[in-house]
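There are two complexes below, and they share chain A, which is joined by chain B in the first and by chain C in the second.
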Partner chain A sequence: MKQWLLRLEPIIWLLFGQGILLGTLLLTGWILVVGLAIPLGLVPAEALSYERAHALASSLVGKLVLLALCALPLWKGAHHIRSLAIDFGGAERDTAVAGCLYLIAIVGSLLAIAAVVRL
Partner chain B sequence: MSGSKKTFVITRFDPDRDEAPRQQSYEIEVDPRWKVLDALNHIKDEVDPSLSHRWSCRMAVCGSCGMMVDGKPSLTCKDSLADHGDTVEVAPLANFPVVRDLVVELEGFLDKLKQVKPWIIRAKERAVEEGTHRQSPAEHQEFKQFSMCINCMLCYSACPVVANEPDFLGPAAIALGHRYNLDSRDEGDHERQEVFRGEGSVFSCSYANECSEVCPKNVDPAAAVNQAKFRAVIDWATSFVVPRGGEG
Partner chain C sequence: MGRPAHPDAMKSSRPSPTRMAPPQMPSEYPMGGRYRAYTLFDATGFVYLLVGLLGVRVVWALGDGPVAWAQLQSELQNPLYVGFHLLALLSVLFVGVRFFRLFPKAQPPRIGPAKPPPQPVILGGLYAAWLGVTLLMAAILSGGLL
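Take a look at the complex of A and B:
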């Protein structure tokens, strides 16, 4: 398992890095628009009406953005929690902890892929 | 001498007599222009010759005199006493086994340095008559910053990952390996990638950035580690397209 983790480190780090860059960027934008701009009336609610939102989400770009929005923060979170666990003295349990965390990220990513494909 | 006094609380450890490190206080008169190392040398020469500490050049070049000063990794020949209070705590570098008093064991660190192959690797040696390897100032600039490391090990003392994962290659060794990977004369990138992605993986770094905070030579090892991670990802991805291990 440890050797497997070592071999997969590059792809895990890449997803973690994109989680920081793209995930945080998209999530912040999403919260700003849906959580603040629309409720405060800065953006008209019709701009994100069901039909418009569905059309946007059904396009290829929309699907990719939604997938990145759902999956990448999971990898960012999983990797951060793993580092945190090591910093708190969990280096000996790292393989098991990392395995569980990345499994959650994998399942979440697969569910996100299934969800955007069905849109 | 201005006549001002400071108390130095120094961690002492004699493996033949002590079961655990203990602290010993020395109150001495100090010159305000002194560095911490000057005070330690004064204590050794004038007060207690049994004190052991490592030092050499006294001008931040040899990297021998790294210690914990008031709980922070510090190059004592560069650390002014004026920046400290009336009581100064001096201890051996954290995250290293202690040999005696303020002297730490270097073997593990030197082994990590060797692992990253810090020398120019060529697929085929160049004959002397073919002349020197030429390098432009721009190519030299690519790695110059990372070649300024003096191996003082302050970064290892500050690194939370080194503290928890003894196998981690660590900031200085990765910065040094990365320095050779960036060198236009070098062809050993793939060999070092095996080390960078092995047991002491560069990916263990959680980017606390403490290594760059304490570096007395502004090497910025955290930047080197993260650039090394990116190169490792590219090398990993391209390894599926370009097979490795062929004859050079």
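Take a look at the complex of A and C:
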């Protein structure tokens, strides 16, 4: 398992880095509107009515943006929690902790792919 | 320098011929002085992980049809979700400011034959991209564009 993690490190770091960069670029506007402005009534809910939201999301660009917005933060999260776990608990359990966290990121990414494909 | 560090935190997989002093955990770690920002930066990982999973749920509900979409929009009005999204916004802003400040300093002196632009140019480009993407996303999602 540890050897696998070492071999996959370049891919994990790529996804982690893009999770910080692209994740941050995309999440700010998303959280502002979808998470705050519409629920608080600052923007009318019709802005993301089902028909409009579906039309935006089902385009190729919409699908790619949504995929990046859902999947990349998972890798940023998994890798930083792993780093925190090493700092606080040492490297003894790192293989198991990293395995669990990256498994969550892999399953979440696969679900994100499935979610955008079925739109 | 205060209490001993975790003995295995930075342990090498192979014995080193170099003699080293026993590791010591800095007394300010984890939430004092400049370690606070470092620890908080890592801790935003929890928020990002949850935001990603919540994003999957949002897209999944959109694929399930109008009823599931309406139900999800109603759920997002719950104060717990609003509070979480407020925390997520603060986390994203914190990560962006910290990472974009670090990014220009982490560039290699040369990338092949080319030299990277000066650090202020990279930093300005990152902030311009962040502002531009955020305004574009906000305008599209709130119905002001498209």
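Basically, the second predicted complex is superposed on the first by the 106 of 119 C-alpha atoms of A that agree within 3 Å, B and C clash if a C-alpha of one lies under 4 Å from a C-alpha of the other, contacts with A are read in each partner's own complex, and residues count from 1 in each chain.
Heads up, the rule we're going with is that a residue touches a chain if its C-beta (ideal position, glycine included) is under 8 Å from a C-beta of that chain, and two chains touch if they have at least 3 such contacts.
Small disclaimer: the values here were computed from a predicted structure and weren't measured.
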TODO: State whether chain B and chain C clash or fit side by side on chain A once the two structures are superposed.
DONE: clash
Open item on the list: With both complexes overlaid on chain A, does A:G77 touch chain B (first), chain C (second), both or neither?
Closed with: second
TODO: Could you tell me if A:I12 is touching chain B, chain C, both of them or neither one (first, second, both, neither)?
DONE: first
Task: Partner chain in contact with A:A37 - chain B first, chain C second, else both or neither - done: second
Open item on the list: One more residue to check, A:G29. First (chain B), second (chain C), both or neither?
Closed with: second
Task: Partner chain(s) touched by A:V61 [first = chain B, second = chain C, both, neither] - done: neither
TODO: Please indicate which partner A:M1 is in contact with in the superposed arrangement: first for chain B, second for chain C, both, or neither.
DONE: neither
Open item on the list: After the superposition on A, what does A:A53 contact: first (chain B), second (chain C), both or neither?
Closed with: second
Task: Comparison of chain B and chain C by chain A residues contacted - done: C
Task: chain B versus chain C as contact partner of A:D87, first or second or both or neither - done: both
Task: On chain A, the residue positions that both chain B and chain C contact, one per complex - done: 83, 86-87, 89, 91
Task: Touching residues (chain side chain A, partner chain C) in the complex - done: 19-21, 23-40, 43-48, 50, 52-54, 56-57, 66, 69-74, 76-81, 83-84, 86-92, 104-105, 108, 111-112, 115-116, 118-119
Open item on the list: With touch defined as at the start, can you tell me which chain A residues reach chain B in the complex?
Closed with: 6-7, 9-14, 83, 86-87, 89, 91
- [ ] Using the touch rule from the top, collect the residues of chain B that touch chain A in their complex.
- [x] 160-161, 164-165, 197-199, 201, 203, 206, 229, 232-233, 236-237
Task: chain A contact footprint on chain C (complex, rising order) - done: 6-11, 30, 39, 41-53, 55-56, 58-60, 62-63, 65-66, 69-70, 73, 76-77, 81-82, 84-86, 88-89, 92-93, 95-96, 99, 129-130, 133-138, 140-143, 146
